[in-house]
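In what follows, structures are represented as structure tokens.
Both complexes shown next keep chain A, but they swap its partner, so chain B is in the first and chain C is in the second.
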Partner chain A sequence: MSVNQLPDSRPFKVSFPHMGNYCIPVKTLAEELECEIVLPPKMTRRTLELGARHSPEFVCIPFKYNLGNYIEALEKGANLLIQAGGGCRFGYYGEVQEAILRDLGYDFGMVRLLGGWKLRDHINDFKRVNPRLTMMRALRAYRLALRQTRALDAIEDYVRRNAGFEVEEGAFEQVHAAFLGELDTARDKRTIAEIERRYLAEMATVPTERPDDLLRIGIVGELYVLMEPFSNLFVEKELAKRGVEVHRFVTVSNMVSHGGRKGPEHLADLISRSGDYVRYHLGADGTESVSMTYQLMEQGFDGVLHLKPFGCMPEVNAMAALQRLSREHTFPVLFISYDAQTSETGLQTRLDAFCDMLRMRKQRPGAALTAGPAAERSTA
Partner chain B sequence: MKHSDEYTTHMVADERAGANQGGTITVQATIGLPRSLLFHKYHVLWTSFFEALDVKTVTSPPSNRAILARGIELAVDETCVPVKLFLGHVDALRDKVDYILVPRIVTLAKDETACVKFLGAFDVARNSVPGVRLLEYNVDVANGVYERPELCRVGQTFERSRRKVRRAYDHAKAAQLRHASALADLQDEALERPGIKVLVVGHPYNLYDEMLGKPIVDFLGSHGAEVLCSEFADTAKARVLARKVSKDIPWTFNKELLGSLELYRSRVDGVIFLVTFPCGPDSLMTELCMRSMKGTPAVMIVLDELQSEAGLKTRLESFVDLIAAGKARRLSGGDVR
Partner chain C sequence: MSKGYLGVDVGSISTKGVVIDAGGEVLTRSYLWTEGNPVRAVKRVLAELEAQLAGSDDIEVVAVGTTGSARELTGAVLGAQVVKNEITAHAVGTLSRHPDVRTIFEIGGQDSKIIIVRDGVPVDYAMNTLCAAGTGSFLSSQARRLDVPVEEFGEYALRSKRPTKIAGRCTVFAESDLVHKAQIGHKLEDIIAGLCTAIVGNYLNNVGKGKEVLAPIVFQGGVSKNVGVVRAFREATGHEIFVDDDGHLMGALGVALVARDSGLEAPFSFGVRDVAFETVGEECGGCPNDCEVVIVLREEEYLDGWGNRCPRGMERVRTRVCPAEALLAAVE
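Then we have the complex of A and B:
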């Protein structure tokens, strides 16, 4: 809950870090500030290199990507940066990033949102940016952005489940791109609902060939590397290439549904459905990772991928439980850690081995985890 | 957040019912205290509490190579070194005691949190050390779960009389506070002594650990430096002072470190930041501190499980030499740094 410093003079040029395609709903929110919006350039290797160069050595990787986004946005002329809070270390990024950017000589203002996701808490911060902002307007924009988010998550969920079986390569990606283009400009609920319906229908007509013995894999882990495909080296696409039906449950839609007042209830529910592998909340997404893995195992999924930034403490807490679960139930879990040096080739080899192992298990039910220690403990 | 409270009692009642039918352990039980993590903060509280209840406690030996090696074996690769040591200590106690005490700390004040490893310590120990029996108590002040009733609940497994348990807690808490203020007095004395003074900023579980901070503190002492430890600072005062360095920092224990830095910064000749790899809160806090250290010599030392002593000693030696030379120059009226 703190606006620390606004730029010296208007007009403000607002920017915020990337995370997946969520820049679309965030843009809808930011428009209410009545400032020019400067989206950071698309993520590239340079983003990471810039971020990593100026970040503390062993800070988690989302910090480095965010910092890279900020630097590239400042280069494009932005002068007001927004950083949202979160659980764990995420909530404290803003202050340190601001200090780093100032020492680099940039002149800018920064809005650091602390204290969770409550809109009311943030309204006053933003009123200083745009005095004409009212609670009503903010609420309207928030609902609209949320509707966009839900449409986005619904479509992307469909893509994850089906892209692995498309007959013509890139068919889903094409429809997905067209959808994003339309969603970007939609500014009322009815249009958004219509776009969502239309594209879901269109996707249903994309020809697919689903084999009888397809692999179903769930992805769990830390929210940023789950939701920013560039940071996870496009792991979902890589799985699709290997003919896998991919399921992921950490999305902004779900975070909103399970956040706020419903948070404690949701956590209690997760813990009660974790097979006693968790008794207390592990912090951030840790509890969810364990509980979802347990639930997916019960639902007959073939395996689970656990993704996290290197050193992510909530997920390390979860890994202790996941390793035991994997051992006791002979359930395949592949652990992947991301830092600035994680290589694509390494990831691909591990995915190949994991998928091969899952296929072999399918042919010989009850077989041990033949990928051996790799499935139990290792880091990419 | 009512659920967490109910949940705790439920789970614990459940677990103990298996251990003994009556709800209270009548046969003399022994409680193990792992000499790691929060032990270095709460050992007086725990030992006096159980002593007052006539319950025997066993503390694991100071960290050694075997404990570290076992901890590394049990822990997830990326776990921070203190938690690896913690698991080693839990394992060392496993066959020697009936229960091992593991607190779970979420928040100690409103709008603050503890590092995530304290949220997970109980579940991590349970999942990583096979066949271990744990006693836990949960502290989440922001959500109305306090230390006194929680620790008293643990006490009631051994003593039926509520009054006796509460009295034991109050007695133990007073002893802990006395201990802390005695340490603060020692610190003040050190400040008065002549000679170069070095402030070591680090978490108590690192500073006082035989494998991590203790050799460093001893080494500095043997090189003629007066060593001040960040932990001794007055907690309430530390919180206020911490805001001068960081407005947003959410971690209680880091606030104490920052506060001590502010408190002693102008009165010491050098500051050493002692960090263990890959500590989440410290990765950010130290970055901010190093950027704010204009004028006072500061060095950041990152400890991991593969320490090379020679390299470390060379760095410490040259740091002490550097600040000693600087101080001599200033005292002789020469140029100021």
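Then we have the complex of A and C:
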């Protein structure tokens, strides 16, 4: 159960932090609270500056972005903030952020959804905000939001795989933006399905030129920096600029599919398909990072990018296994840590070098792969 | 008249330039301090290279490559065909000289990197991230503190029989530890040798963490000129450490080779040295993101710019920096 405090002032103006474009389905849910929704302004450097200024220096970067979003939303008049929780420090974000914001003198209420996957608990929390909310209505909203999420993830997956090869720069971004506009107002399943179909078809007609020797890179790591492009310094777009087909598996759709009752089964499956590089759950997304990297290697991907907030414990756990995997199979893994000081230039240099390296390996097929240190060890 | 290829590597501390021929042979080399002014440093490198070339046969530079932390700026100024990150440049440069290398250690002024090579192909690399401990600028600041010219650091270290243990994890702590060791009476050469060992320990534990270091090992970058650090590397890895006389030029050589192989050619004139370049950095102010936009002016005209996240940013800053140009565009 979570502890909620409602604001003294009425009417409620509800807000929540950004993560990618998921504000669209979250808004669909929040509408059932029947109060005004105040979206935080688009992420900018100011968001991070505000968040970082008022956060503990060594807290992970998603905390700072969330806090920045809250401050900017409160400035816009929000008085009821929503926070979720997860299986790492994330589980304690809400408490600490609430204390910081109160110290800053803001007057607001906070709803903390700590029920994990227990929808009933969430809905009971929401009922305190909107007593007219019924279980039926809430479930309907959840289903709708989930349908929007699936459409969003399907379209963005297509963009990741293809934007690197567009003939006209920005062509995919344009279609993507139009899609978001329509999805934002769609409020029934049939319309959402129709929008998804139509935009997938439209994207298929965007002219692309795919070279024969294109690079395929998978992105794994901590969920927030994976899903919030501003926080990862637009790493997917940067890879696309370098002519890379990008694959990512951490999406809200997948998290929902693999969460709840299916959680333990999914984890067991990940561990069984990790080439014995993980034998027990590493916490949060760590297990998935290792297992997916192993699976992508088996599928013939050219390399993997591992992203994490600086100091992210589950992903630090994963790194030890990933480094061994990378060494033993000479499989390229680039590790990137994000915090408030991460420089864009540093990232560019590393991505350039990584892509160059993968291309050099491709030009000499087999060479590096057959005679790597792993092969040496097995003959010894 | 034969073809030449210019490679320029502008780092935080030093600027390096080479001209190579079609066979990859280095015809001329230049190495001097950047002194916080990359454009001026590049012009001085060009002057040195041109003077050296004047004696030899007619060489016509047909392609230019730039690398190092000022590669974008230098690339714009020189009209380079190729602008490459320093990791690729170093790998290509070193591989041209040492095709059998399997590990490249590189310690420069403000960064350090490791490149793992297998069968002539780079397969893994790492670069220091948040911390400058164990890089050249740390060594030079400690040299100043101990009043020993940094160039003589290595010889001092070699004289030491009992290197002092210095905590090398962090620049700040290393410095206070070093002061402490000096105050309690450790010998100067022992402290310097300890510093070299600390730098190597730090490098292998951070940059080299999780990497398989196999011989042959080539060590390069400015710090490779320090024989004390070379010895410490040899002791820590148990392998012979190769230091090329041109070790500091590998980035420049590498990017010259990439420029040669790019197939792109355009006439280049050393006269670019006399052209006035100016850079202007301004915050856009168009939205709360406040991108820091940099614009390069060539003879007061817009040449290139970067740092903007959206096209409007460049437009806004460009209009402010070059009002005449905007006026002209408006008239047209």
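Everything below uses one rule, namely that the second predicted complex is superposed on the first by the 364 of 380 C-alpha atoms of A that agree within 3 Å, B and C clash if a C-alpha of one lies under 4 Å from a C-alpha of the other, contacts with A are read in each partner's own complex, and residues count from 1 in each chain.
In the analysis below, a contact is a pair of C-beta atoms (placed from the backbone, for glycine too) under 8 Å apart; a residue touches a chain by one contact, two chains touch by 3 or more.
If you're wondering where the values come from, they're calculated on a predicted model, not measured in any experiment.
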Next on the checklist: Quick one: is A:G346 in contact with chain B, with chain C, with both, or with neither? Answer first, second, both or neither.
Outcome noted: second
Checklist entry - Given the touch rule stated above, what does A:Q323 touch, chain B (first), chain C (second), both, or neither? => result both
Checklist entry - Touch check for A:R132: first (chain B), second (chain C), both, or neither? => result neither
Checklist entry - Touch check for A:P41: first (chain B), second (chain C), both, or neither? => result second
Next on the checklist: Quick check on the superposed pair: does A:M360 touch chain B, chain C, both, or neither? Answer first, second, both or neither.
Outcome noted: second
Next on the checklist: So in the superposed three-chain picture, is A:R279 touching just chain B, just chain C, both, or none of them (first/second/both/neither)?
Outcome noted: first
Checklist outcome for this item: The answer to whether chain B or chain C touches more of chain A is B
Checklist entry - In the superposed arrangement, which partner chain does A:S337 touch: chain B (first), chain C (second), both, or neither? => result both
Next on the checklist: Based on the A-chain superposition described above, do chain B and chain C contact any of the same residues on chain A, and if so which?
Outcome noted: 310, 320, 323-324, 337
Item to check | Sites on chain C touched by chain A in the complex | outcome: 69, 84-88, 91, 118-127, 129-130, 209-212, 214, 287-291
Next on the checklist: Considering only the defined contacts, which chain A positions touch chain B in the complex?
Outcome noted: 2, 56-60, 63, 88-89, 91-96, 99-100, 103, 112, 114, 264-265, 267-268, 271, 277-284, 286, 310-314, 316-317, 319-321, 323-324, 337, 377-379
Checklist entry - What part of chain B is in contact with chain A in the complex they form? => result 1-4, 7-8, 11, 75-80, 104, 106, 115-117, 119-120, 122-124, 126-128, 138, 246-250, 277-281, 283-284, 286-288, 291, 302
Checklist outcome for this item: chain A residues touching chain C in their complex are 41, 44-47, 310, 320, 323-324, 326-327, 330, 332, 335, 337, 339, 341, 345-346, 348-350, 352-353, 356-357, 360-361, 364, 367-368, 371-373
